[in-house]
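You will see subunit A twice below: alongside subunit B first, and alongside subunit C after that.
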Partner chain A sequence: MEYDKVVTTTAWSPGPGCHGGCGVKLYIKDGKVVKAEGDETHPFNQGRACPRLLALTQYMYHPDRITYPLKRVGKRGEGKFERISWEEALDTIEAKLGKIKEESGPESVLFCQGTGRDIGGPISFLAYSYGSPNWIQLGLAGHSCYTPRLGAMMATYGDYSVLDAAQFSEKRYDDPDYKVPQIIMVWAQNPMPGCPDGFFGHWIVDCMKRGSKLIVIDPRWTWFASRAEKFLQIRPGTDGALAMAMINVIISEELYDKDFVEQWTEGFEELKHRAAEYTPQKVAEITWIPEEDIIESARMYALAKPAAIQWGVPIDKCPEGSTVAQAITHLWCLTGNLDVPGGNVIARPAYGVTTYPFSTQEMHELYGEEFVKNLNEKRIGANEFPMVRNFRGWAQPDLAVKQMFTGDPYPIKACWIQTSNILGGQAADTRLHYEALKRMDFVVVADLFHNPTTMAVADIILPVASTAEKESFRSWWVPLQVIVPAVEVGECRSDWEINLELAKRFNPELRKRYDTVKQLIDDRLKPAGITYDQLKEQGGWVMPPENSASRPYRRYEKGLLRPDGKPGFRTTSGKVEFASKSYQDWGLDPLPYYSEPPESEVRTPELFKKYPLVMVTGRRSSVFFHSEHRMIPWLRECDPYPIVEINPSVAGKMGIEDGEWIVIENDRGSIKRKAQVTPIVHPKVISVPHGWWLPEEDGREPNLYGIWDINCNNLVHIGPGAKSGYGGGAYKTALVRIRKANEAVE
Partner chain B sequence: MARYGIAVDVEKCTGCHSCFLACKDEHAGNDYPPISVAQPDIGHKWLRLREIEQGTGTKIKVDYIPIMCQHCEKPPCMAPGPEGAVYQRDDGIVIIDPQKAKGCKNIVNSCPYGAIFWNQEKELPQKCTLCAQMIDNGEKTTRCVESCPTGALIFGDLDDPKSEIAKLLVAKAEQVEAFKPKFGTKPTVKYIGLPKLFIAGEVLLSDKPKDCIKGAKVTLKADNQDKVMETNTDFFGDFEFKGLDRNIDYTLIAEYEGYYPQEITIRTYASKNVGELVLRAK
Partner chain C sequence: MGRKGLFIDYEYCTGCHTCEVACKQENNYPAGRWGIKVNEIILESFNKVEINYLPFPTELCNLCAARIKGGELPACVKHCQASCMKYGDLTDLVQAMEHKAKTVLFAPK
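Presenting the complex of A and B:
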């Protein structure tokens, strides 16, 4: 293949769509990207790429891509849009949002994003510059995505952890300080297709090649499950009970790390007492996992040194997600696997640089403690949920959608939607969110393609640059790296560029600080003592040095974690808190516990008689990320249909053939899916992939690319479902029944 | 002269589809005369992934097999077309000549592997070229192999004993086979560890039903063979016999000291989960 030059950069968001981090090489010919490949010199992915990156050219130059600003000229839903200039688009937005701010207050505008990528930084920056506290993942019931897990870890030891696959060292697996985990407990994730969720999936395979054995916990058999020492096929939503039983076994059989527990933790006796309630026998009934498998798996995990847990978003979606995450966090603390080689190591943004604010501290550092606290007074959910008020900066999505109808305690007038296809993607109860969005006076959508959300509600659409077209930076978690623009496509602009320009219009003070996005990036890079251009010149990435706060290992011994420089953890006690003082302060149970899903064979037996199957949504596909990529021909060819996975025993009983279209329904509605009859799914469970809409269909109302027929979230109720306000979106536990499509409704 | 081939280490294939995408990226929209003309954007799968799910209940296996032109030593696709429409290069790569094969739809049907596709617009049968345009350009690999993130695909010179592929095929000789050898076409694409039938289950003791029984002896005997396979149950009391033949009657015996052995017979129509074998105390 001929090319003029190669641009080395980082992949993050539009294109592969993912949470990013891979070093990539973009081959350029005549001002166009002609090929994308993994960068073999980059320690993150070591030359590897994913299908979505390999399809980048098809994504960037897709005929349906929006490449200039649009305004709606017909009624909402008619699909009539007209090209306008950036100046007109920005002037309109400034005028409309300016008026709303004046009349109803800045809090009456929601700044909505989808899953967290190279967007948390720019969108919170815009929201705060405008003056709205309502930075939100609108539609995400219970805000059940990572924040519950982050909150649990922060409340337990003042930091976050990830599985250690040597990603913090440029030498990777060859680093002499590194040890491969003997056991990896893959909890509620399918790491390969789950790769775009923020962790490089192949690292688990790398570890397997180097000797790691697996315990896999999932309702569904995966490639990893069928290669595991033990697969625990769990009842959806009961992960908290399993974690508590494992804690019970580890404590009662004295398999925990006594030195670590004695020296670095507190609250052990309380945890022991609480966990004793969860006998393996009782938990076997709750989880469908045989008692002996629970016991042996707990032993296997606890006896392995080191051992690590790789977890996924279903943890957050458990009822009381933040307490389930807390219990699992306790497993790696009890066993002394915290911040040790091959364990669950503390992950801080490289050099302390914030791209995407992950904690309250980061919000304070960026915007000032006073300012953030003042905004919190009006943040949706802050008064109802102390954890929402005190942890990070998110508004609570379920209360927000209700407030869009009630206007209580203040009206919601407009939505700024960036990187989120709310109606084709994350929104539970699609119809409710559709109606709520229809009530808005003004809706801006910044995106790359039309989708059900742009079609139904957008008044202005802004064309966004792909990863190959933007200037940005990334510090989640390592390395610190830059995204280098290789080409331009149409009039597309990066999220940072769009948001900086508007932020300056709403907050003229910013004009003194930032002329360009690069100046803003340089400002943010200051803790690393490097500029964007310097980082770009030296290859685009840098790892934090050894013995620094953002590099493992055992930083609690070295005094690298606490602001006062003393050994220990960043908690008030300085210890790992098995009984969390933060949770207590937030009015929550300081100890983890199990809570039954809102609908289940146990909690709602009558409903279960009517709807005897548990619908788990959200299984990942390696060719799509959430609601993206359905219009990319090469990718769609690999995963062409909106399917439902059904166990052969269930399909057989109902006379359902593989490939047949069937109906899935409950009291909230019904959808159609193509049956895939497979033994990989539990007989009491059906698996329904999420994010499906059909770009090839009519996008106008009432069809909206088929979402009313196929979007599984029509069957999922809103949350929060968790006392903390974080967690419990019932995306994995809705009860349903199925029938052949040609059979009449009873 | 080198003789090129691909080895597929099936155990390492996670089914990520990167190989399929890399093939599209290399060939869709790109002509490589005289070797190939562009693959259409959709419809062709010069390399496809087959997912194999086996077993029932608590013993399931999920595997993926990438399937592409097998670059057979005896390519059946050479027969139907005119002279030179399909030819085999000295390095073993089988090429469909985009000029001479124009209009020859019957070439598509001649491939027992279903690896040849019809390009309606150009009236041309098309398939994997083993990225001959890259090889001829001095590159050491194909796009699909280069894109494989787990090392499940290995490209190289089969005749060079020092090549990675040759060494691997020697090291894993017992597991190497052709995909569907019954077609008799002698593929140069070699598969290592193709999914086989298995029999799996769990041993329990009647008086300790809650315990995992590690180290129980399990024996499997094929009724028509002398070969006897033996294994012990693992940490969880599970056992598994892999690599079994289809449609064979097997006798399985589970034993544990102090307990009566249990014997069952199984015919391998497909992989089988025999479930729990509960041994009674003597």
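Presenting the complex of A and C:
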């Protein structure tokens, strides 16, 4: 293929859509990207690429892409928009938001984002410059996406961890210090399609080729499950019970790492006592997993050296997700697999560079305690929920949507929505969020395509640059890397550019600090002692230095984790706390425990009689990222229909044929899906992929690209599900029934 | 020059569709045209479900002649996320099969 030049950059957000990290090469001809390939010199993906990256040109140059600012000219939902200039768009937003701030206070505007994009920086910057504490993933019940897991790790040992696939080393698997995990426990995740939480999913396959054996915990037979030594086909939402039983086996059979537990942990006796309540026999009944499989898996994991756990978002979505995550965290601490080669290594961003302040601890460091304290006075959920107040600076979504109706304790007047298709994507109880957003005086959406959210509620739409068009950086564990603009498309601007410009209008002080986005990035990169241009010149990425706080291994022995430089962990006790002092201080149970899903055969047996199937939503697709990509021809043809997976025994009983459209329903409503009859799903469970809307259909109301017919979240209620404020949501545990589309219920 | 082929280790093919889209991009095929197509084989046997994927090079596959000429790997082989595809001389690839079970060899041209 002919091209003028090749631009080396990092993929993150619009385009592949994912949590980013891959090194890519963009081939440019006549000012257009004509091809996207993996960068074979990049340690993250080593030349590999996913279908979404390889379809980048179809995404960037799609005829439906929004390439200039729009304002609504008809009624909301009529789909009538008119082209406007950036100046008019920004002036309108400044004036409207300025007036709302004056009349109702800055807290009455919600700044809404979707999943882990190149967005945390820009959106928090804007929200705080405007003066609102309400930075939020609106619609995400229980804020159940990684935050509960992160909170549990932070509360246990003052840091975060990830499975060690040698990603912290330039040499990767050839690094002499690295060891491949003997056992990988893949817990509630199929990491290959989506590369979640900054983890390239196929790294697990790399490990398998180098000898790793698998234990897989999932309600569905995944590809990993089919290749596992042990597959535990779990009842959705009961992962907490399983983790406690495993802890019980490991402690009672004395399979834990005695040296590590003695020297580096505290609270062992309390944990032992608590875990004893969860006998494998009792937990077998709770989880549907045979008792001997629980025992054998616990032994297998504990005896392997090293062993690692790769975990997924369903853990957050368990009731009390932050306690389930705590129990699983204890597994790698008990077995001495914390921060050892091939275990669960402590993950800090390279050189400590952060794109935005993340935990409250970091917020204190970056903004000062006074500022954070004031944020918490008005932040939605901070008074009700200890982890919202103390762990992460995000407003609580379940309370926020209620407040949009009640106006209590203060009214919500406007939403800024960026990288989030709330109505076609994450919002539990779609109708509730639709009605809540309709009540807003003003809604701005920054996005690349029209979707159900833009159509239903946007007053102004801002066109956003794809990953190939923006200047940015990525600092999510490793490596530290830059995103280099290769081309321009229409009048699209990056999230950073849009938000910095607006933030300056609300906070003139910023004008003095940052003329350009690049200056802001350079400021963030300071801990690494490098500038954007320097990093770009040296290939675009850098790994953390040897013997530093951001590079494994065994940093607790070397005194690299604590601010005082002493050995140990960044907790008040300096130890791994099996009974968490943080949880205790926050008014939560310091020890992990199990709680039953809000709807289930156990908790609501009457409802279960009426709705005998558990609906798990959210299984990932290799060709879509959440609600994106349904309009991309090369991708859609690989996964063309909104399906429902049904076990053959269930389908057979009901006379449902493979490929037939069926109805899924409960007291909250009904949707239609195309049946995929397959043994991979448990007979008591149906699996319904999320994020579906149909760009080929009418986007105007009442249709809104078909969301009322096919979006599974119509059947999922809003929380909150967890005492901490983080965790729960019924995305994995709503009870439903199914019937043929042309049959009424008897 | 001996015949060239595609070696696929289907123990590790995860069915991620990368090879399909890599091929479409390389050849600028419209949707509906496939130079390689991943087949899914799901079987229930006793208490286990067997899940396998196998990419099949179609009549359109020319083993990325232009890329090979430029010293590059075929687009599917380069981007395969499971790194389970190889391109090379059939005689060498047969050797690779000697050492690895659950593999197939295609000689599309």
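Quick note on the criterion: the second predicted complex is superposed on the first by the 739 of 746 C-alpha atoms of A that agree within 3 Å, B and C clash if a C-alpha of one lies under 4 Å from a C-alpha of the other, contacts with A are read in each partner's own complex, and residues count from 1 in each chain.
In this text, contacts are C-beta pairs under 8 Å (C-beta built on N, C-alpha and C of every residue); 3 or more make two chains touch, one makes a residue touch a chain.
Just so you know, these numbers come straight off a predicted model, no measurement behind them.
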item	value
Superposition on subunit A - do subunit B and subunit C clash or fit	clash
Partner chain in contact with A:E377 - subunit B first, subunit C second, else both or neither	neither
Subunit B versus subunit C as contact partner of A:E88, first or second or both or neither	neither
First, second, both or neither for A:T678, with subunit B first and subunit C second	both
Which superposed partner A:E292 touches (first subunit B, second subunit C, both, neither)	first
Which of subunit B and subunit C A:E696 touches, first, second, both or neither	neither
Touching partner for A:M300 - first (subunit B), second (subunit C), both, neither	first
Partner chain in contact with A:L635 - subunit B first, subunit C second, else both or neither	both
Which superposed partner A:K230 touches (first subunit B, second subunit C, both, neither)	first
Contacts of A:D658 with subunit B and subunit C, given as first, second, both or neither	neither
Residues of subunit A contacting subunit B in one complex and subunit C in the other	1, 35-38, 48-51, 54-55, 57, 192-193, 201-202, 205, 209, 221-223, 225-226, 622-623, 633-635, 637-638, 648, 678-680
Subunit C - residues contacting subunit A, complex	11-12, 14-18, 20-22, 24-26, 30-32, 42, 44, 48-53, 66, 75, 78-83
Interfacial residue positions of subunit A with respect to subunit C in the complex	1, 35-38, 40, 47-51, 54-55, 57, 192-193, 201-202, 205-206, 208-209, 221-223, 225-227, 622-623, 633-638, 648, 678-680
Contacting residues of subunit A [partner subunit B, same complex]	1, 35-38, 48-51, 54-55, 57-58, 192-193, 201-202, 205, 209, 221-223, 225-226, 229-231, 233, 281, 291-293, 295-296, 300, 622-623, 633-635, 637-638, 648, 678-680
Residue numbers on subunit B that touch subunit A, as the complex places them	12, 14-18, 20-22, 24-26, 28, 30, 41-42, 45, 49, 53, 55-58, 60-64, 146-147, 149-150, 210-212, 234-237
